[in-house]
Amino acid sequence: MIRIGLLGCGRIGQVHARSISQIEGARVTAVADAFAEPAQALAARTGAEVLDPLALIDSPNVDAVVIGTPTDTHYDLIHAATRAGKAIFCEKPVDLSSNRIRDCKTVVEQAGVPFLTAFNRRFDPNFADLQNRLRHGQIGDVEIVTIQSRDPSPPPVSYIQSSGGLFRDMMIHDLDMARFLVGEEFVRIYAVGASLVDPEIGKAGDVDTAAVTLTTASGKICQITNSRRASYGYDQRIEVHGSGGMLRAENVHETTVEIATASGFTKAPAQHFFLERYEAAYQAEMTHFVDAVASGSSPTPNLNDGLQAQLLADAAAGSLVQGTPVDLI
Amino acid sequence: MIRIGLLGCGRIGQVHARSISQIEGARVTAVADAFAEPAQALAARTGAEVLDPLALIDSPNVDAVVIGTPTDTHYDLIHAATRAGKAIFCEKPVDLSSNRIRDCKTVVEQAGVPFLTAFNRRFDPNFADLQNRLRHGQIGDVEIVTIQSRDPSPPPVSYIQSSGGLFRDMMIHDLDMARFLVGEEFVRIYAVGASLVDPEIGKAGDVDTAAVTLTTASGKICQITNSRRASYGYDQRIEVHGSGGMLRAENVHETTVEIATASGFTKAPAQHFFLERYEAAYQAEMTHFVDAVASGSSPTPNLNDGLQAQLLADAAAGSLVQGTPVDLI
Amino acid sequence: MIRIGLLGCGRIGQVHARSISQIEGARVTAVADAFAEPAQALAARTGAEVLDPLALIDSPNVDAVVIGTPTDTHYDLIHAATRAGKAIFCEKPVDLSSNRIRDCKTVVEQAGVPFLTAFNRRFDPNFADLQNRLRHGQIGDVEIVTIQSRDPSPPPVSYIQSSGGLFRDMMIHDLDMARFLVGEEFVRIYAVGASLVDPEIGKAGDVDTAAVTLTTASGKICQITNSRRASYGYDQRIEVHGSGGMLRAENVHETTVEIATASGFTKAPAQHFFLERYEAAYQAEMTHFVDAVASGSSPTPNLNDGLQAQLLADAAAGSLVQGTPVDLI
Amino acid sequence: MIRIGLLGCGRIGQVHARSISQIEGARVTAVADAFAEPAQALAARTGAEVLDPLALIDSPNVDAVVIGTPTDTHYDLIHAATRAGKAIFCEKPVDLSSNRIRDCKTVVEQAGVPFLTAFNRRFDPNFADLQNRLRHGQIGDVEIVTIQSRDPSPPPVSYIQSSGGLFRDMMIHDLDMARFLVGEEFVRIYAVGASLVDPEIGKAGDVDTAAVTLTTASGKICQITNSRRASYGYDQRIEVHGSGGMLRAENVHETTVEIATASGFTKAPAQHFFLERYEAAYQAEMTHFVDAVASGSSPTPNLNDGLQAQLLADAAAGSLVQGTPVDLI
């Protein structure tokens, strides 16, 4: 039985608590939050005790911690948990600073504690199946990856301001997915972007519509587009063109129902809410983490994956400012 | 070069003239129609001469005739063409009376003239491909055939009155398709129907919504539904469930364009107009006829196919009146 | 808090226990089974106590019972629970004898206890959405309903022998769905069927491939096909043609991934396992039952729905034997 | 009646001849080719006379010329036809040199002769419908255009060598399409590419896999990928994300037939051959040209469109060499 301490009892903490409740070999034993109310509510639901974050980390009843607190607290919590020798599941981004992620990587690797960077989309059954088929050579060598990733609607500008910007907050998922699919590091990135959705986002110094092109040393190409708005739902599509064919994962629609009238044949919109769209992914992600901790194997994506994705996001942000491609190392 | 005489220069005659113009080894050399104007127009377009029907049939410049005149004239024209030893392409239905079709069959078979009953849907590239895959065993043995066949909108009641009724006018295509796909004669048919679309059709003694169930001696099943109205286009779908899988042919849509909005993902309606929907089928049908005449082989569907479909339509009409299944011989 | 006693701790009982665990206002408080082991396992998982069936029914800690025991025990358990004034959730079929279902209906209605007949498919989000759109008139009046329902593979012949036959065991779901969608009672049914999948099923006196045609007094038509085998998954499709358009629910596929090669564009098979395919339906069904019990409203489908579906299945079986349509009342 | 002279009787010339034969108000009256045999064959088919190119251009029986000769002959033929005051339909690319296209543009505009640059894809019914919907605001403002364009298999290296390279030979169609859809000139282009399909193409100094990112002054983004190989057919897809939704045109498949087995649900490959895929586009293109000439209006795409697409292709080729984005004016 893996005993888990939840750091952060907000929306994402509650998602992880529910995932853990579905796993035979795991249990939430302690919870912590800056606010008393959500911590107590989650404690009541799970039978866990409420502790201070550091007490939770050091508790002998906690084997592993799930870090779902605000991004700027991750660094200290990772260090504390590493010192305590606890397995760590950390929400993305690990930190807004690549250098600070590099620090975490150093201590985590030295200590040898299991660490999972929570890029949940790798665990989506559709994307995982697609990557698995790639790995088994179903379409030969990867040549072109294209990712369309669009949120249903933009977050409030207040959120944008502390998010690190579109590349670090939103596209980082797609950059990780690109690495996951291509199986080779990218050597160059070129980014374009504009504020087309909400002028307030532009005034806040960010873009809401963006695209990047990535290339590897062997010539593989990846193109990604992002928008903060999609009236038709949470648009999450991936396509890989290879030497032997093409693999693609289409959107998940709300239902399988289609209506046909004089206007045409209409299927339901794509699922809108990310917690619904990625419900199975969150479950699979936690199951993978618990299995890895229980078996002593290393969970993936690891802290290096978290770092590499952040470096790509940083480079994309730099490319946008400079108007030129940026070389990665 | 196969020299063809067109009997009937109305809408369907013009379709066949255009098909012939696309075939290297065929040419329209003579046309006939009860009205002078359409005959002259088609003659001008094709370079053919205008003749009386019987003169056309007997013309030494005519190797084969295409009969696209009103149904009640088919019988005499078939007999005349048979006497003249001409190959015959005859629009469906061959006749509204099965006995008269049987007469035609007798003389045509005795004379040995090539005869094609124009069940154009057999030549639709999609349905032909489906049938070809069946014949090659791609889904094993046929077990259940389901056909949905619905017109965009009902014809005028005046047309209904002389049509022979829904089973002989509309469902006959589906009954022929069922025979084509199942590859075994049906032994029993049960029909239901009602006038749900237009009460005037009911007053005229016909139904506008109907369904049949057919069975073969070996236990294969076919279900067909018909409606005289479909707001979403000309609905023409076929599905075959076999011992090893399923084959189905979906509708042909007006375009491949899809629009996604908050209302969902909308594809274009199905093509509405039967001449557009079956344009390729009409062409392939005529090409098959010309090839058969040129090579001396027998075209299919032949006059027996025309007869069997008519017998099924008669039996369906009988079943509807009696409220019980009807055995076919 | 609705306290629920589970009668039957087999596969379906465990499904219901898991559904209940996801509902805030409900809890399993007692379990019963003919075998000690599954009862104790489920008690351990849920914190419930293990009781004899009749003790469970009479327990003051039980507000409602979920009957998931073998079909031939339903009758006595329903009577006992009714006498105890408990709300009843009963798996289908309520009984293999329509007369015995009628008895149950009499006592349940006299006692006024809430009763849900567990036709789970009504709660499938896709089918429920389709029916909801029908009820809101999105395609006008219902005219033709077509249902394709095919199991991935046949059950063992031993199961067939005690199942009541294909119509009462398998098609009963589709017959209930037809009533649910058409919103009008059927007045006539015609059934055909054969043993095409497994000759042993035929020797056991049953069919494995079947189709029915149902009609209502107003002329609406429903056609259903069933097969005990579908290599491509659990085939569960519904289509309704109405005066204003068409609604259809397609299969649920294993993933959204498509691979394109020289062979074509291939999507994943349909989900194979009914517990996976209808997982959301089982959850919604139990939530509906608990909500109805908590609010004092009547759950649906009720015992009359269970009776009517059984009468349709009986009539289908009779029609198959007689070879003629059977009138319902 | 528009009398047309065909310059070039190869594959594309024959396509145009067939298109013209379907247009009531047009006729091929003269043909010319460097080789006698194809010219005579086409003359026999159409009833046209065989002439030398310049005699054809000057013939009083020719109102308009269709230039389907090798690219390096276009320049002189355009000048000659312009001097003769004939309407011009010219295959793409107009020339491999932008400066020479600019020369043509100058003389053509001064002379005021109608000129169509044959970017046939604008006339594809699917893409034309998509663009028409954009123009009518069905998804609001255009924000992101993504185009996937992949040939079934690479041409011989000998062709590559005289083609002007992937950007000028293949992507030029997509660059024109991007301009057509975005409705705004691009100000910057960034290209990447590699030889992943055939090393011989790389040795010949070209790429076979490429991608570009284009931006407009207002921030609209377009991404295009190209590959010279796609096992699954001629992959031609377009997608536009706008402020109010998304429009996309999917591939045209060989048939509408789908087979379902244990391997999944398989649809036919995309149509492989460009002449088949764009048959309707070639017809619509020629009809548009004839209509414009007949009515005295200006056909589009015009010579400026031909020039702008070529400038984009030049800039893409330059960007690939330099490794940096290229500004367009």
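In order of appearance the chains are A, B, C and D, and numbering begins at 1 in each one.
As a convention for this text, a contact is a pair of C-beta atoms (placed from the backbone, for glycine too) under 8 Å apart; a residue touches a chain by one contact, two chains touch by 3 or more.
Just so it is clear, the model here is predicted, and its values are computed rather than measured.
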{"item": "Third chains touching both subunit C and subunit B", "value": "A, D"}
{"item": "Reference subunit C; chain at largest CA-centroid distance", "value": "D"}
{"item": "Pair joined by more contacting C-beta pairs (A-D or A-C)", "value": "A-D"}
{"item": "CA centroid of subunit A to CA centroid of subunit B, Å", "value": "57"}
{"item": "Distance between the centres, which are taken as Cα means, of subunit C and subunit A, whole angstrom", "value": "39"}
{"item": "Subunit C residues counted as touching two or more neighbouring chains", "value": "231-232, 244-246, 260-262, 268"}
{"item": "For the subunit B and subunit A complex, residues of the former touching the latter", "value": "231-233, 253, 260-270"}
{"item": "Parts of subunit C lying in touch with subunit A, wherever the complex brings them together", "value": "125-126, 129-130, 133, 138-139, 244-252, 255-262, 268"}
{"item": "Touching residues on subunit B, where the partner in the complex is subunit C", "value": "141, 143-144, 146, 148, 150, 188, 190, 192-197, 209-211, 213, 215, 218-221, 223, 225, 227, 229-232, 235, 239, 241, 243-246, 323-325"}
